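Per-chain numbering from 1; labels A, B and C assigned in written order.
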Amino acid sequence: MSGVNLEGITKAYGGFQVVHGIDLEVQEKEFVVLVGPSGCGKSTTLRMIAGLEEISGGSLKIDDRVVNRIAPKDRDVAMVFQNYALYPHLNVEDNIGFGLRIRKESKEKIASSVEEVAGILGLTDYLKRRPADLSGGQRQRVAMGRAIVRQPKVFLFDEPLSNLDAKLRTQMRAEIKRLHKRLGVTSIYVTHDQVEAMTLADRIVVMHDGRIEQVGTPMELFQYPANTFVAEFLGSPPMNMVEATVGASDSGPIAIVGSAQVPLRRLPELQNCVGEKIIIGIRPEFAVPQPTGTKGAVPITVDLIETLGSEALLHATLQDKPFVIRTETMTSSNRLENVGAFTVPPEMIRVFDAESGRALLGQGKAQ
Amino acid sequence: MANMNLYSRGDKLFVITNMVLIGLFALSTLYPFIYITSLSMSAGFEARAGNVILTPVGFTLEAYSKVLSEPQFWISYKNTFIYTIFGTLMSLILIIPGAYALSRPQLYGRRFWNLMVAFTMWFHAGLIPFFLNMRDLGLLDSYFGIIIGFAVSGFNIILLRNFFEGIPQSFEEAARMDGANEFQVLWRVYVPLSKPAIATVALFCIVSRWNGFFWAMVLLQDEEKIPLQVYLRKVIAELSDDEEFATSLLNASYSVETVTASIIVCSIIPIVLIYPFLQKYFSKGILLGGVKE
Amino acid sequence: MSSDFDTAGSPATETLVVNAKESVRERRAAQIQRVGDHLKREWQLYIMLLPMVVWLIVFLYKPMYGLQIAFKDYSIFKGVANSPWIGFEHFQTLFSNDQFLRAVKNTLIISAYGLLFGFPVPILLALMFNEVLSQKFKKTTQTIVYLPHFISSVIIAGIVITAFSPSAGIVNTILGWFGVDSVYFLTRPEWFRPIFIGTGIWQEAGFQSIVYLAAIAGVSPTLYESAVVDGASRWQMMWKITLPSILPTIIIMLIIRIGNILEVSFEMIILLYQPATYSTADVVNTFIYRQGLQGGQYDFAAAAGLFNAVVAFILVMTANAISKRFSRTSLW
């Protein structure tokens, strides 16, 4: 059972608390991705798991063993750093074998392990090169090799791809995914990049200001964000948030947006609260553009049309706030100029309490 | 930039004058060394009569054979090597780990320790208390006293600490994750990465050891232990004081001047041999050390 | 803590006090635990630090403790701690001692002249090196002018003594060509300072130019390019662009120099002076050396040293503080 278990983990620098009680259970072989805005404590959390930061409070278990006060080298975890931290004075072979040599493994064992890892990562031809003579992608691979070679229980990654250009990033992302499938090692991965998060993660952890906002599979988070923060954080362009008032109609609850009425699902939370403020979240993908004056649609003013090939982004204004619609160009390009309103299927609208920002989910999807 | 044709007449004049002036300054720097070398290879009476200007007059190596046949010369030469080699090693052994520890952000009391180092650069107890302390420690007239007593300098610590601080912390962290303890991190990662800075510190030590004079003169009475510089000083003082001896040499093939000059040449040679390294690392060193504190 | 409080206080305050106490104790315990954990993790760092710290204490801080003999009637047999206190007696003697006052005066004069004549030379050299077009010429001349810095003061003094010797020295030989009688320079008080300061410049100016060259290297090339476009001559660029750009460095170096004004290279003075030139050559440190190390008046000499060290410390700290303000805007 090589899981990682965080219970009420906190971190304070001096008197300043930056991580406020994180609870998280990472299953064996699971790939968990931590995302969140800059400075929210992702790296700090990861580094506490690695043993590079002292843990201020709570308990950390790896493999059901409390490791709060165990040195990094005895935790059996490996980490890939953002800047790779490859030893510049050692060649690829020695970089990968460094940990084994420190642990006084036999020469033959080191050689064969390094060779195997180099084979997996396609580094066999570069073993004698120094890091300075490698490309960004190759360096990244060496950094991974250094982690893999020790066969640790847990892999930790701190933004390992952020130093690569967009194309390489996509490629390495796929490679990491493949490696994880092949080796099946529990992994915790920190990133800024939500595409990375969505594609790599078994589960995503969204953090904010040193707290966990939501944990779930990528689809859960995308479809049922637990609050406005997660809703706005995931998805690009982000979800449109529109202030509205609850109303009632014959066919069920509605959201009143200015003069327009948007039908909502029959959520139990919406009963008996007519007139209360809510926020409705509409993903740009789910808003259907309509010509000006369409009956039952919400009127908007389109300011700008960005055509991205097969798709287009309509930048519009609703209630003095930007409202973005993503639509296919192939079927609708001829009428893009006429757009002056939109409609949304009720099941695609997320409803949030205006005060707390909490989602009104209806079926208890929240974590 | 280097195309002279692009320059106005005034600029050309300026550039040429500038080159001439620099050339002159360089020559005036070089001249004393040429003069001393020529003197050391000149006949004693010619030197005494002031006839040596640029090249050796009455070429002879008698002065060298006189110097090299002096046992005390070899004793002090050997001593200088001992002080230089072991003194430098001692410095590195003390400074490298110390500076590394000072550079680690996780070190408790880091400000205090750094202040403790910096303060020694601002305030010295002075000659007398230092001397009495060496005496109380029983380090007068001792090889060990010279080697240990001058092993650490605040400047060198700060130079190396600054360099270590410039190495990304993630190297330490990566090595720690790889299972290295702090000594292994230092020895296998930070020392190899700091070769230029360590070379600089080592060269600072080597030069100051090789040239060290004052404290060796004060602390060492035993002729068996004195280094070259102290010996050289003695020779210069004795020879120039001893008019009788000087006049007795009036017609000899060597003189006070040529003997002095040849000892000088002998003691400069090792410095000249490592000079290419000195030039390379010293200029970096003074800039490195000056960055902070 | 106080039992008064416990009995007199209402139950509410009592629990409050107990809570406060407990939380203090808890925090204490947590703190001790943290330090313990830290030491367990990082003890090796402290092992690395230890030898250096011990060295500093034994060889630099212990002598500071030994400075107390400046206020004592020091006897070798009684040692530093057991010699009797005599207050400021040594200082009173010191300030009525003509030789000491002369040494203070000489220190300041030599430093001031050294600053006046020695400070601009490396700056000029750096400016001039910067105008050399041929890299080869520049490298060669730099190699030459840095060299004397690495030569020991004994050798430099040996060269000076030889060159200025009355019978054989090159200086007198050249003077002889012009019909000037041979001068025994090193016995003449009026010649000591020029020779000493000139030697210092000759030995160090080249090497000191490195700092300014580094500063010049940091000047943005676009400044020169736009000046060329505006038709400026190289002479103008040197004064209007290069010099102002390195002004912060110059100011900082000047402040540092002034802060170290008491630091005259006394080793060189010991090598060059003689009783005949004491009147212009004797500085505080050579005075201390003669009185203390040669004359055995340890306590009296230590008092002179303490005076010197305290004044130097104040100067250096002041200079540091001022230069810190400047260095915020400069490279160095």
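Quick note on the criterion: a contact is a pair of C-beta atoms (placed from the backbone, for glycine too) under 8 Å apart; a residue touches a chain by one contact, two chains touch by 3 or more.
This one's a predicted model, so the numbers in the text were calculated from it and none came from an experiment.
Engineer: Think of each chain as a node with edges to the chains it touches; is that a line, ring, star, complete or other?
Structural biologist: Drawn as a graph, the chains make a fully connected set, so complete.
Engineer: By raw count of C-beta pairs in contact, what's the busiest chain pair here?
Structural biologist: B-C
Engineer: For chain B and chain C, let me know how many angstrom lie between their CA-based centres, rounded off.
Structural biologist: From the centre of chain B to the centre of chain C is 17 Å.
Engineer: Rounded to the nearest whole Å, what is the centre-to-centre distance of chain A and chain C, using the mean of the C-alpha atoms as each centre?
Structural biologist: 56
Engineer: Roughly how far is chain A from chain B, going centre to centre by Cα mean, in whole Å?
Structural biologist: The mean C-alpha positions of chain A and chain B differ by 59 Å.
Engineer: Of all the residues in chain A, which ones touch at least 2 other chains?
Structural biologist: Those would be 71.
Engineer: Pull out every residue in chain C that's touching 2 or more other chains.
Structural biologist: Counting only residues that touch two or more other chains, chain C contributes 38.
Engineer: For chain B, what residues touch not just one other chain but two or more?
Structural biologist: Only 181 qualify.
Engineer: Given the complex with chain B, which residues does chain A contribute to the contact?
Structural biologist: 50-52, 71-73, 77-79, 81-83, 85, 87-89, 98-99, 102-103, 146, 150
Engineer: Quick one: in the complex, what on chain C touches chain B?
Structural biologist: 35, 38, 42, 44-46, 48-49, 51-53, 55-56, 58-64, 66-67, 69, 79-80, 125, 128-129, 131-134, 137, 140-141, 143-155, 157-159, 161-163, 165, 167-170, 172-173, 176, 202, 206-207, 210-211, 214, 233-235, 267, 270-271, 285, 288-289, 292-293, 298, 301-302, 305-306, 308-309, 312-313, 316-317, 320, 332
Engineer: In the complex formed with chain A, which residues of chain B make contact?
Structural biologist: 168, 170-171, 173-181, 184, 188-189, 192-193
Engineer: Where on chain A is chain C touching in the complex?
Structural biologist: Answer in residue numbers: 54, 69, 71.
Engineer: For the complex, which residues does chain B have touching chain C?
Structural biologist: 1-2, 4, 7-8, 10-11, 14-15, 18-19, 21-23, 25-26, 28-30, 32-33, 35-36, 39, 47-53, 93-95, 97-102, 104, 106-108, 113, 116-117, 120, 122-133, 136-137, 148-149, 151-152, 157, 181-183, 186, 207, 210-214, 218, 229-230, 232-233, 236, 240, 255, 257, 260-261, 263-264, 267-268, 271, 275, 278-279, 282-283, 286-287, 290-291
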